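Below is a structure I'd like to ask you about.
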């Protein structure tokens, strides 16, 4: 059931954000998730009811730079000039792709959007979300601050675990289809190698290189996400004779998903 | 019920309705031309070829819409040119440009580093995010197309029906074919915003298939297609809101449903007539 | 140079080459039939309609490939049926099934809880991820299709050329049309793995367009198309490896390039001939 | 002598409530040579299509050698309008051979003799040099000749020709009529033509299909009656040709 | 009297190295009534298409009233084969009106008189009841009549008819020839036909187009010479018809 009346709900982009808002606000507000479970961010296109819910939201918390937001944001602003929009990734030290030069002008490398998959950056997202919620719901400031402390504790605990475990891994490199753990890898000293090449399906050369390097790097597992095509990963996995392990960075249960991931990393890298 | 009306207060929805009206006018005219000339396939070719323009525009950092328009026009003109001059069958020409456009698009998207988030919106389109600027552009095109079809109705009709004969009456059939091709291309590009590359074809053919149940006259077919198209789009839009399903798909469903109902009605009428001759 | 040969040691690449060979045989046969009957558009219709099956299969948790096959066959049979019985123009029937399939697909993908991961690979295909099982299936289909075309060559040819006359010779043209439609559908579905819904059309038309420069004989056209198709696919594959570009797009490019070169050669020969009559 | 094809009380047309031909009775026997005449739009081609099973009649019955199975009888057919795609990749000789399909069935392959026969027929219509050309590259008259070869190659029991003299030149027309008389010795022929002057010299019976169908008793036929019902009789010598009328009311 | 159309030394065909018609010379003057005969595949239709500008000749020149601009002259045309799509959504009367396009230009709209004229012509060919039907629903002869109306509605200076007598019934054929004689008073007519017997009574000159083109001096023409070059002359009375030959070598 999607809320309709103005002011009694807010909109977020992805499920891990709903995790944060739920923890911070309890049941006092309903949350409209633009990419609900069941829609692939790749083919997602909003229905009228969703756009209506978005239009009547108290505030829209965007995660920052995911493809869906980039594709639709201009139009969403154009159609809802009064909608309050808050970017929850501000203040994060972004990882960018390489810059590239076209004739006379330079394109800034794309910002990697996956800030929610690393406990460390997630702490910043939490702070941004808290600030935005307090601004929109000043009456509930006290409870939000209290919940914030509790949630921060949870995230920090996970952060500690990651710091400890990752340090002890024998191998540091892992393959993943879509590079959803760029921040995680940077924060905890791992080496994420994506099968997708610069955001595109791998070419024959790239597949060959991954197979060749896989042996050198002693790759023990290949991670894939539910929402991406397994086949490329399977081809490489069968050539390297290693298992394919499924991860779900868009899970609503952010905390348990992060703990699971650590166990999976342990199995693959130790 | 009240809930259904409340949606009309949102500008994204009224924008969508206006865009639907304009699209049904454009698609009604261009679609009737396409269906009559039996080149439905051409609209598929042009839409897919326009993907090449989208890819190139990404790569150069330009407006993808502009790229799509340029490629669509080029491919439409290219199809006419190859069939007139190069002695190539029209359907082969279309298939080649179709493939070439898509291949160019894919390669340029590949060459552009990073993800191409708008790509999906071009493939599937979304009538709900039509901006007021979009509508303005469509309105201008719509007016131009309407004026053209009114002024050049007969040259266009006769060239479509029997180009060889039309040529013997000193009609510049080549010019006419090129101009109509360009307008068809533009119409298609504007409709891509609404229905996406993959579904745009439906808007150009299903209302016409429905209209052809009633009439075999070009002019009447245009008017009927426009009407049927608009009924389908607006009902589909409201339906998609009511059932909370993707608008594009529901619009297509509604158009197909209208066609099926009318076709069934015709069958039943024929059966009754056969019994009481 | 040595580097180019090293790629042949990888089974994903040899698999791709084998799949390319099988696809060119399948597409050579089915494509010649499609192009000759001027229903290139049908392959577009079937591919897009099969998307509905993919969506439904996701929704029901079945193998999407199976869903695609079922929908492709249903739509191919549906197209024949509607044109034979329901007095609907073939191109309208195709357009309707095309749209219906896509709309169903989109809605089911929307309704499916969880993600639809292979969707993009169905749209764009990837010859590099063809598995040995895929190849086995293709081989079986290929053998069946080859046997059928050898045994039923003439009934199929004559029905395609002049179905009305063929009917007067007591040929069961309806049955033949249905069976060929089913095989075309299956061929298309298997080719989707290679080239994706959007590009599959190219494999079915460009080799034929090239072959028709040399011959106007159905049988020769099949053989030539197979040859040209395989040269295009294998050269494209190796080229895409060498230049590190997406295979699908490069294969299409190569096919178009072959066509363009031969077409140009023909033009030049004609010019020379015209000078020395 | 048994009837090859028997039509009784046939009503047929293109729209359920507007039959184009009404209450048709027709009986084709072996060695019949029936000339079908009638004004444009009279329903001649429609009648032939009904006989061939291409159009299902609204009412009435068609029997082929006494049964309703149309595969019982081998028919050769030359259509009036060939709407085939001119760019279809098929050779002239293959078009001729396609006339053999009926006796071949699904698995049929062609023998050398059959190919020789096809070439012989093409030679007869002076197109042997074009045998391996694409069908779309022929002139109007040449195409008509090819379709004639296709109609007769199978040695059918009934030969149905819808205006075979269209497009062809006088030389060939004369040869055609000679050929038909020859063929008539072993098959029944139904021939639609507007050139009654010429055909009346060798057809055995004449049948009128008119937009308005009226019944004349064969013994009552006079040129006045026929004229009243707008049969194009100005060139027929009625004495010579027995007149068969297809309508019964 | 000035020439309307002058062809000199025309070579044309479908493949660069195989001309179908060679070294053609032809001069069409006002009030000419030229019957074009020749065997099937002789190149008659090709010649007409060259005159109409539908096929560009390989060599030679075509002058329209002395200039090379083909819009200089108003031509009515009835093609031999109409490959139009039968399911095109166009009304019969619109097909007839499309003959007027030449004098209308891009912006042309139709006056009431023109529509009345189109209806009058349709009435003449007995199709006024079909005026608002789709073209695809007509019989072969009916369609031929419609295309004839389209060819003459614009009152052209030159009327080019490629086998107009195909498909049509005898009644109408007679009317057609009467009409043509009437029209000939105000326009030149080029008529392809195999029915030389009939047309020779009213055409003014006869032209042979043969696969092999041979030149005969007009005064030297005898039936023997023509027969040698396979002109289908068995029905022509050569004394009556001045014989014009299109080849010069």
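Letters A, B, C, D and E mark the chains as written, and numbering starts fresh at 1 in each.
The working rule: a residue touches a chain if its C-beta (ideal position, glycine included) is under 8 Å from a C-beta of that chain, and two chains touch if they have at least 3 such contacts.
These figures come from a predicted structure and were not determined experimentally.
**Student:** Would you mind checking the shortest number of contact hops between subunit B and subunit E?
**Tutor:** Counted as steps through touching chains, the separation is 1.
**Student:** Compared with subunit E, which chain's mean CA position is the farthest off?
**Tutor:** A
**Student:** Looking at CA centres, what chain is most distant from subunit D?
**Tutor:** Chain A.
**Student:** Please find the two chains that have the most C-beta pairs touching each other.
**Tutor:** Result of the pairwise contact count: B-C comes out on top.
**Student:** In whole angstrom, how far does the Cα centroid of subunit A sit from the Cα centroid of subunit B?
**Tutor:** Comparing mean C-alpha positions, subunit B is 37 Å from subunit A.
**Student:** Using the average of all C-alpha atoms in each chain as its centre, how far is it in Å between subunit A and subunit C?
**Tutor:** The separation of the two C-alpha centroids amounts to 39 Å.
**Student:** Please compute the C-alpha centroid of subunit C, do the same for subunit E, then give the distance between them in whole Å.
**Tutor:** 45
**Student:** Suppose each chain is reduced to the average of its Cα coordinates; what separation in Å results between subunit A and subunit E?
**Tutor:** 76
**Student:** Subunit B: which residues touch two or more other chains?
**Tutor:** Correct list: 38, 89, 110, 124, 212, 245-246, 248.
**Student:** If a residue has to touch 2 or more other chains to count, which residues of subunit A qualify?
**Tutor:** 42-43, 47, 200, 203 - these are the residues of subunit A that touch more than one other chain.
**Student:** Where does subunit E touch two or more other chains at once, residue-wise?
**Tutor:** 87
**Student:** Can you check the complex and tell me which residues of subunit B touch subunit A?
**Tutor:** These residues of subunit B touch subunit A: 3, 6-7, 10-13, 15-16, 59-61, 109-110, 113-118, 120-121, 124-126, 128-129, 131-133, 237, 240-241, 244-248.
**Student:** Could you list, by residue number, the parts of subunit B that touch subunit E in their complex?
**Tutor:** 32, 36-38, 151-152, 154-155, 157-158, 160-162, 164-171, 212, 215-218, 221
**Student:** Quick one: in the complex, what on subunit C touches subunit B?
**Tutor:** That would be residues 35, 38, 40-41, 44, 48, 86, 88-89, 91-92, 94-96, 98-100, 102-104, 106-107, 110-111, 123-124, 198-199, 201-202, 204-206, 208-209, 212, 245-246, 248-250, 252-253, 255-256, 259, 263 of subunit C.
**Student:** Subunit C touches which residues of subunit E in the complex?
**Tutor:** Within the complex, subunit E touches subunit C at residues 16-17, 19, 58, 87.
**Student:** If you look only at subunit D, which of its residues touch subunit C in the complex?
**Tutor:** Subunit D reaches subunit C through residues 52-54, 70-71, 74-75, 77, 79, 82, 84-85, 87-91, 94-95, 97-102, 104, 106-110, 132-134, 136, 150, 154.
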